[in-house]
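Pasting the structures in now, so scroll down.
First chain A sits with chain B, and in the next complex the same chain sits with chain C.
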Partner chain A sequence: MNPTLYPRPLSRREFAGQVARGALLAGAALVAGPAALAAQSGQNNPFAYDLSRLSQTDSKLVRYEETGRFRCPHAEPRRVAVGPGDALFVAAGNYVTALGAGGASGLEIALSGPARCVAVAKDGTIYAGLRDHVEVFDAKGQRRAAWETPGGKPWFTGLAVGENDVFAADAGNRVLFRFDRSGKLVRRLGEKNKERGVPGFIVPSPYLDVELGPDGLLHVNNPGRHRVEAYTFDGDFEGGWGKPTAAIDGFCGCCNPIGLAVLPEGRIVTCEKGLPRVKVYGAQGEFDSVVAGTDAFPENAKVGAGETRGDSTLAGLDAAADSQGRIYILDFVTGDIRVMKRKA
Partner chain B sequence: MRRLLHRLCPSSSRWLVLGALLLLNTVSRLAAEPRFPPPDFSETNHRIPVTTTPGARALWLQYADVAVLLACLAVALWLIYRKRSRRGVFWLSLFSLAYFGFYRQGCICAIGSPQNLALGLFDPSYAVPFTATAFFVAPLLVALFAGRAFCAGVCPHGAIQDLVLVKPLKVPLWLEHALGLVPFLFLGAGLIYAATGTGFVICRYDPFVPLFRLSGRFFVLMAGGAFLVLGMFVGRAYCRFLCPYGALLKLASLFSKWRVRVTPDTCTQCQLCEHSCPFGVIREPSAGALPPQFLGRERRRLGGLLLLLPALIAGGAWLGSKLSVPASQLHPAIQLAERYVRQQKAPAPYGVQTADALSLQRAEENPEAILTAAADLRQRFKLASALFGGWVGLVLGMKLISLSLRPSRTDFEPDRGACFACARCFLSCPNERVRRGLMPASELPLPVGGNAGLVT
Partner chain C sequence: MNPSPRSEAVTRRQFFRNGARLAAVTGLGTLAGVLTGHSQAKTTVWQIDPAKCLRCDRCATHCVLEQSAVKCVHAHALCGYCQLCTGYFNPEPNDLTTAAENQLCPTAAIQRTFVEDPYYEYNIDEKLCIGCAKCVEGCNRFGNGSLFLQVRHDRCVNCNECSIAIGCPGDAFRRVPVDQPYLLKTTHAH
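Up next is the complex of A and B:
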């Protein structure tokens, strides 16, 4: 009897043959599909948050050159300032340290907490800003006073000292305090006041700085507005300059600039984070030159972009200028202090 | 508080305890690091969004999910076996689609539950949720006793496919059998990847859950759309050719105590039911017993296949172990270790900030831990891949064996394993129509012998 008279719905042989053919086709598709996907993934993602283009600086705009570099003596550096005789003072860790030529450590003052900012008067008195108060030391490092903590949520991040006044930038309270040299609070400056036309500070992160210019005005960064503003000692708003842009002549990100320095002739040095860069502007805010671009601070840029475990909110730069127009740049991430001199 | 202290401590030590509490409070306040105040957005009226973490579903709601599942299963059984009502099953499936699909957004779901159990078995730190266990066990138990009632009216995946079915086409038999193996392979892969901690791939590539959630990865959303379009012409394509839980239900249903019968009475073998099933699972009566002269050859074939089965399993296991490296590359820890090694060999310049780039930066801080974890995982994958390969061999071998068997059937009956118990075929049966009073008994076709389907 012919066995085909008892057919199954599907024979093993038919099943195996058809499945083999199907498997061949599926295999070809499986090889071709991922290959096409891989080729596609190699193409640029047009939506990627790519800042690499902005991290390059046009070399024609860089008018400063590095003439020296030395290490900050302590971890967690925050501010740098120039004192009498062009001595350099650094607030880092729980210390304020005076540095001589070539970075040699001189006077070292231990503080009761982390130093946030520093300023030195012409008579050598050293003012160290901690988070919520100011401590005063004489030129030999002897502690003379610890000023009263102001109310609110103080977070001092900048200090400047004049003949009779000390100005403290409080990033927590978004205000500038004017003290007399004995620590008595004279006035609160920079608070929003429509009648006086004061716009008020917008400070998303703890970077508010103040510098005293040769024009007799206080120069304060207003990072949330991407501006540098000028105030009189009495709190009159004299104007501001700066524009929010990723271009080199403006300030980008949520909040920049974060630090200021004033050159002897009144030009203003700005420091930025995120895209770390240091630039020089004229006293009226016209863009002058680049001191050091983002490509000069690769480690800082990585931390600032949140690409490491480092606290990206603490990645930044500060600068101070001496009487000869040299600019000292403090890198919060590497702890380097660079000495920059204008090219001839 | 004072009364409690009075009870707990004698008066002399009470002050000591109070003092210690005050000291603890003071120390904790001093140790708390002050935080920089948040930005002020009063000018723009921007409100800082509050970071929220979705809380776990309340326990009573989880119990409610299980209760709804059990109730739906009970109603499905009643509708299929007692009422024999397609309309009832349809409305039940719509409810299930609304509840388990769009309200619960496909989670919790029986289809992914085997992965929870696999992970719980191999990872002592993972506690299998009660709901996952219930969703795994209940439909299987029902299938062991009464077939795939879960697929019929409780599974939202089946319901959404049933809704779009317009013109069912017959899938070629060889393709039906070949694709019918895929759910078993997908189940094996899903269990292996869950057990190794790689992830729940069954859930990750579930084509319908993103539709229920109205969001998901583009590729999976497209797959869901494609399955719905395909489902217009191929009934329940996902259930038949991909669903891993369906594979388990299929196995359980093969041994079910009760089964769906097309006719409530005797089969007239009119073949009307065969045309009513959009899934092609109505089997015609078999040709009866083989003549004795064929028995020897058939037995030898079967014996050969049974002998071949261990060889297929061993071969699959060997092949699987050889493919353990590519199989392991789905594990995120191994992906990271490989990226780290590639980066060390050919450092890429600092570029775009992506999640991958960030994880790589973090790996560079402690490469030892990443590489050790990856090496351990590779070892685990060697065993897991071998097991999966053996499983593939077993599935193939069992398929060949099943094709050699000749089930004995005297009537047109649904395939025990493949039938979704959807109740579509009931009303096609003239006996059922007579039972319901839809046609007079005099119009019944005359029953033919049990060998009506035999080709002679």
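Up next is the complex of A and C:
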């Protein structure tokens, strides 16, 4: 008789152990099955949409290094700004929070709704952009005013403040509002005007940003045209730069860049979604360097690609620059704020 | 002690009668099952749930038809009419023109038409579309997800077991009522 045909009987413990193992394996297969199948399919897919090469950044182009990282104090971060004394302000959830060195929370201002953007004047006055209006607070966080809602379908996503003016980027109305510091509307900028040669903003997703440069011009992203454009305070179009491509020196996807920052000497920092990356361009648009490439934001890239349950339209980045030339990158997905310094 | 019912002997005639009854009931059950199945096949059709679609290549390769019954469709209400449509252009196009080398679609099944600066309209030529989902991935990856796949019922033969459904890694195929045969996107996918 062949003994292998008649194995010894299982004990109750062995039986229970094998059933448990089987259940575990079945559960794992159930959870990982579709993803694994899809991945396997992707490997052999002759029609694959392949961005693997573009997701890797040439290390020679990366001229910044991370010197610190801390967590945003609230969920749903949207914008980051630098105030007097290089204090960092972040708009996240229903709050604007000032962060000290190392990310310690300082002043915290509760808003009447989700914060979309923030800017801080030299005198410490804080301007917080909500979806349809701007709220004003003094340096101690006391509410001073809530400005009137402009008409149309406002969706404020960017703010900049000068000596006498506040500029609000409205992605919903595709316009830049120039207010005086008391909240009186002075002018609408950036609307399409053939006679003045203004091309108009194309904003497929709600990311319109504005920054004030040391050259005295307003720098605004025009995401649908894949450009950064410059305007005077009176709305004259001074020019624009940028090219549509997923290559490292251009702006990828349907609509990028989504966020801007200006370095002290006037170079422009751009943030992109889809292929999340932060880059530096000269004031005239010549590509300078990469601050952080797509491979530095794996979680953000996954959400942006629709590979998770997260809202891929919210997988973006924002940046701000301080007087020392340090760049703060806000990751909307992880809630991390990275401090980047140019390599020596 | 009561005699057990089992102890009663079954006559040959009773045995055959019971057997005939059992066969008749089994036959009726089978007939009812087949009829129900046929009826269901006539009242439901296969469709892809866009929210579950993983944009793999199987709709192009697994259909029993020579050219897949799955086609890309376009929800124009969701489309951004982008100049750089990532469903239309290669990730690194030489230029934003309709030249073949710039196009993502392997069969050039997407037609690009200028509307006004800087907007373009994109339409699918279903005769050319093979349902490979390359454009769908590009659109979902960077855009609003207005391009998505659907089973087109002017050519689907409504197999009892859809061979694409069997191989679908996202379990995105399901049967839908024949009078509502499409699962169209009306809001952003994400």
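The rule is simple: the second predicted complex is superposed on the first by the 300 of 344 C-alpha atoms of A that agree within 3 Å, B and C clash if a C-alpha of one lies under 4 Å from a C-alpha of the other, contacts with A are read in each partner's own complex, and residues count from 1 in each chain.
Methods note: a residue touches a chain if its C-beta (ideal position, glycine included) is under 8 Å from a C-beta of that chain, and two chains touch if they have at least 3 such contacts.
Please read all numbers here as calculations on a predicted model, not as lab measurements.
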In the overlay, answer first, second, both or neither for which of chain B and chain C A:Val19 touches. first
One more residue to check, A:Ala305. First (chain B), second (chain C), both or neither? both
Quick one: classify A:Thr245 as touching chain B (first), chain C (second), both or neither. second
Quick check for you: in the superposed arrangement, does A:Ser59 touch first (chain B), second (chain C), both or neither? neither
Which of chain B and chain C A:Gly172 touches, first, second, both or neither: first
Does chain B (first) or chain C (second) touch A:Arg131, or do both, or does neither? first
Which partner chains sit in contact with A:Ile202 here, chain B, chain C, both or neither? Use first/second/both/neither. both
Where does A:Gly274 make contact in the superposed view: on chain B (first), on chain C (second), on both, or on neither? second
Identify the residues of chain A that lie in both the chain B contact region and the chain C contact region. 45, 48-51, 202, 204-205, 224, 305-306
Touching chain B in the complex: which residues of chain A? 1, 3, 5-12, 14-16, 18-19, 22, 45, 48-52, 131-132, 153, 155, 171-172, 174, 202-206, 224, 298, 301-302, 305-309
Write out the stretch or stretches of chain B touching chain A in their complex. 34, 36-37, 39-40, 43, 172-175, 177-178, 283, 287, 290-291, 293-294, 297, 350-354, 357-358, 361-362, 365, 399-400, 403-404, 406, 455-456
Counting only contacts in the complex, chain C reaches chain A at residues 54-58, 60, 80, 82-86, 91-93, 96, 104, 106, 117-118, 132-134, 137-138, 140-145, 169-171, 188-190
Show me the residue ranges of chain A that touch chain C in the complex, using the header's touch definition. 33-35, 37-38, 40-42, 45-51, 54, 199, 202, 204-205, 224-226, 244-247, 252-255, 274, 304-306, 311-313
